[in-house]
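Right, one structure below, let's go through it.
Here the chain labels run A, B, C and D in written order, and each chain numbers its own residues starting at 1.
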Amino acid sequence: MSKVVSLSEAMASIEDGSHVGLTGFAITRNAVAAALELTRAKRRHLRLTQVIVGLETDLLVGAGCVDRLVYSGGSLDRFGLVHAVNRAIATGTLQIEEYSTLALTLRLAAGSLGLPFVPTRSMLGSSLLDNLRAAGEIVEQTDPFTGSPVLVMSPVRPDVAIVHADTCDEEGNATIAGPRWSLRETALAAARVIVTTERVVLRGTIPPERVVVPGTVVSAVTEVPRGASPTALPGHYDYDRAWLEAHVEATKEGGERFRRYLEGMLEARAVHP
Amino acid sequence: MSKVVSLSEAMASIEDGSHVGLTGFAITRNAVAAALELTRAKRRHLRLTQVIVGLETDLLVGAGCVDRLVYSGGSLDRFGLVHAVNRAIATGTLQIEEYSTLALTLRLAAGSLGLPFVPTRSMLGSSLLDNLRAAGEIVEQTDPFTGSPVLVMSPVRPDVAIVHADTCDEEGNATIAGPRWSLRETALAAARVIVTTERVVLRGTIPPERVVVPGTVVSAVTEVPRGASPTALPGHYDYDRAWLEAHVEATKEGGERFRRYLEGMLEARAVHP
Amino acid sequence: MTQASQPWTPLEMLAVAAAGQVRDGDLAVVGLGLPQVAALLAQRTHAPTSELLLELGVFDPHPTGPSMGIADPRMWEGAAVFGGVLDVLGSMLHGGRVSLGILSAVQVDPDGSINTTQVHLEDGSLRRINGSGGGNDIASLAGRTLVVLRHEPRRFRACLDFLTSPGRAVGGRRRSELGLPGEGTVAVVSDRAVLEVTDEGTFLHSVHPGEDPEAVLEATPYAVQVRPGGPEVTSAPTEEELRLIRTELDPQGWYTR
Amino acid sequence: MTQASQPWTPLEMLAVAAAGQVRDGDLAVVGLGLPQVAALLAQRTHAPTSELLLELGVFDPHPTGPSMGIADPRMWEGAAVFGGVLDVLGSMLHGGRVSLGILSAVQVDPDGSINTTQVHLEDGSLRRINGSGGGNDIASLAGRTLVVLRHEPRRFRACLDFLTSPGRAVGGRRRSELGLPGEGTVAVVSDRAVLEVTDEGTFLHSVHPGEDPEAVLEATPYAVQVRPGGPEVTSAPTEEELRLIRTELDPQGWYTR
């Protein structure tokens, strides 16, 4: 059963207020085309969960689509900070819940596996833990087997996750080259997954060992060549240095300058459905 | 740094009384050459952990190498039951700790990830749970987030795991074709891994996405073509029907008949170091 | 659909009746043996969008011939994904996505709980079988569970020798009290009848063509209720169903003869 | 080894001094920036069997040129394995296999705890930085941790603006009391000196060639002890080390100039 739809159709299934899991990492494999389509549709009050944020989240936050961000940090590597995210936090327009990379990935893995909770030894003694106590997603316990202090965290289950894949068959079985960071845990934790991909292929052409996101959890597939640009897609294209530098400048200044930059991006990447 | 050694050398590093994780599944990808080498060396008092047992475990138990088995069941699929294992349980010469497939895999995943414990909703209400209460590896708790009853299990960390891989580079980075059941969790839970493989290849020839067991955890690599036969190795060889049938007959009768069968197997598969 | 003109074996009838319980769109985890045959039969007939999962990590296989079980690579042919236990029994099943489990059993009780682990023989000895494998997980976590077994009186037990996998209740405690999601066992399909399992007990839903309801009840030595109007007669296998079983799914008759 | 005859930049000196803390055989998880350069430099010189891991799931990379950070595919060149966060920060780090973590910091305190999350500016506003990423995990779980930063007085704080990643103790509570494994921070390497961090406090272990110990202490506004005999002088970069930095590891000088 083919799940192939247009990008706008796929993104229209995400409602205002949805909890969205994103799966890019800093300057690589960001679902930029999908994020731009959400800003174009003026989606509002999103809650994002993403282990390491990068360009896609900085765009969505800068465009005012996001109320709350659950994350563990991030940047555009040496290109610069995620200024739109950082400014929104500093000025109080974005609520955040902040973890370590492992802790948030474990919460997503728990969501993926249906575990009622998951323990970790990370974050003990840190300001992260101090701030998280109020959010109600963490309980401090004693390990019943060793008696050591341990944190117990609730699972995360986004309404939908967005993945930009190298190839994907029409039923949603998707391949991912390079390291996979928390992509798989985020996808499988979500109630459903939207895949944008460089290329849609026929079922049966992907060796089953290579599939990273099983089509069983995918609700929509959209072919978007260069859908991760200006971030890098290993094996397909490099990051676009000039574009990333322009992003950092525009977000650093913010305001009108960012709006002009975003409009330019939306024009340059107009959707042809 | 090459980790390539002979089969007998690799197996000699496993001492009497070791806790060994095995990674075959019923009639497929059993580390038969490795198991035979352990019987040849008359290894004793082993503790085995294996999610689904098959030929390799039936051989080791039949040969008297094993004191304790932590598992979730198993058979030789339609060829028959694991008679050596079943007889040893029924006559009391083999102690067992019995889980469901998911529960034991989660315990191994916890061991792999360094989680102090892991919760599950499997096994609630079953005789498995009744029997496990005494083993001390399970605590019945209330989910701190929802108030539901839940089981909390300790992690498993074998001393060593044995994996039969399709290809493996000389540093231990190993590929596995076909489904991976609990192989990866078992390997990564163990303090170290011994890889037997159809073919040792040069570092750099395996695409990094294809590596299932990272060499970082591997202590020894041994090339053993047809090392899983008479069980199947997907993409390499089918199970050996006549041999599996002979195994079932020999183990069903047991005693002298099994000893003759095992000796025949050891002769047929003599090691050439 | 035309009724088959030729006779069928009791186990072919079982496979067809079990397949009839699969709904189009089901995401199903199936155990070794007859459950494989029943699920594939349903997929090839009335439930084309049902999807199969195998506990060892196989998604959506489309085998074209018979196999010796779920660990036989022949059974994985045409699969979409090779993952692991944590994908199928973890993310799909424990994660709440699996709508149907199909399990074979050595013994079943009135709540639909099953034993696949061990049997106490009359001489006091123990006969060990396969154990749980993923059976306990499937029965514990699937949306609904279908149990298949041969209709022999010794298999229908008020008290199981070992409760491997829970049904709708255990010892009078409902699944929700135990902490289990899902409905539990909804039907027990044998080679003679279909028993419907509900929170109000087991009902004789239908007897297979040619079976006498009284004889079936006699061969079922625990409380089975009959609804007003009596049991239905199970739909007989169609020619197409028998063709599929005999030429594609189980040509050697390993499971159905 | 011959001493370099040419001068070096303070950050080249930092990279060389940090590399000197890596032991052969170390399994190290490294953060973005100078930690990458230091770890690769050690591997190319005195620690050839040390192995690098990147939190996003990269095992044993052997990049041949510079990269913009850990998310830059150039940094993954020659890797043995592409896995995920759960492999590197889970199985390797949380699982107790990682012997060394190398982290850069915005602020450090006398216990070797660090801040990479946010700074309170004098005008009362908040400057957000990168956050934890895997930094908290590495500092919490590695066998020992190395912290690198520029030697500016505002970075050495008795009380951090945000304690992102714990050192040897937090608020007077030792790691074992907090439930943390490992030793914690063993050294803080700056562009002027190497501070040794112990359970008995921070010591000025060595000053870099040309630095005045008193001036370094003055630029370090928290209690730093000096052992009898005074601090050593850090070994100067060798020609080979400078060649590796300038021609292979950081030819553009992104990190070391």
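Please note the rule applied: contacts are C-beta pairs under 8 Å (C-beta built on N, C-alpha and C of every residue); 3 or more make two chains touch, one makes a residue touch a chain.
Predicted model only: the values in this text are computed from it and were never measured.
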item: Between B-D and B-C, the pair with more C-beta contacts; value: B-C
item: Chain separated most widely from chain B, comparing mean CA positions; value: D
item: Separation of mean Cα positions, chain D and chain A [Å, integer]; value: 28
item: Intercentroid distance (Cα basis), chain C paired with chain A, Å; value: 40
item: Multi-partner residues of chain A (at least 2 other chains); value: 106, 113-115, 120-121, 148, 150, 177-178, 209
item: Residue list for chain D, restricted to those that touch at least two other chains; value: 58, 76, 79, 82-83, 86, 90, 93-94, 141
item: Category of the chain touch graph - line, ring, star, complete, other; value: other
item: Chain-to-chain touches, reported pairwise for every pair that qualifies; value: A-B, A-C, A-D, B-C, B-D
item: Chain A residues within the chain D interface of the complex; value: 25-28, 51-52, 54, 71-75, 77-79, 81, 85-87, 89-90, 98-103, 105-106, 109, 120-128, 148-150, 177-185, 232, 234, 238-239
item: Contact set on chain A toward chain C in their complex; value: 1, 111-115, 169, 171, 173, 188, 203-204, 208-209, 211, 214-217
item: For the chain C and chain B complex, residues of the former touching the latter; value: 32-33, 54-58, 68-73, 76, 79, 82-86, 89-90, 93-94, 116-117, 125-137, 140-141, 160, 162-166, 170-171, 173, 175, 178-181, 254
item: Chain B partner contacts - residues on chain D that touch it in the complex; value: 27, 49, 51, 53, 58-60, 76, 78-83, 86-87, 90-97, 141
item: Chain A-touching residues of chain B, taken from the complex the two chains share; value: 106, 113-121, 139, 141, 143-146, 148, 150, 152, 154, 176-178, 209-210
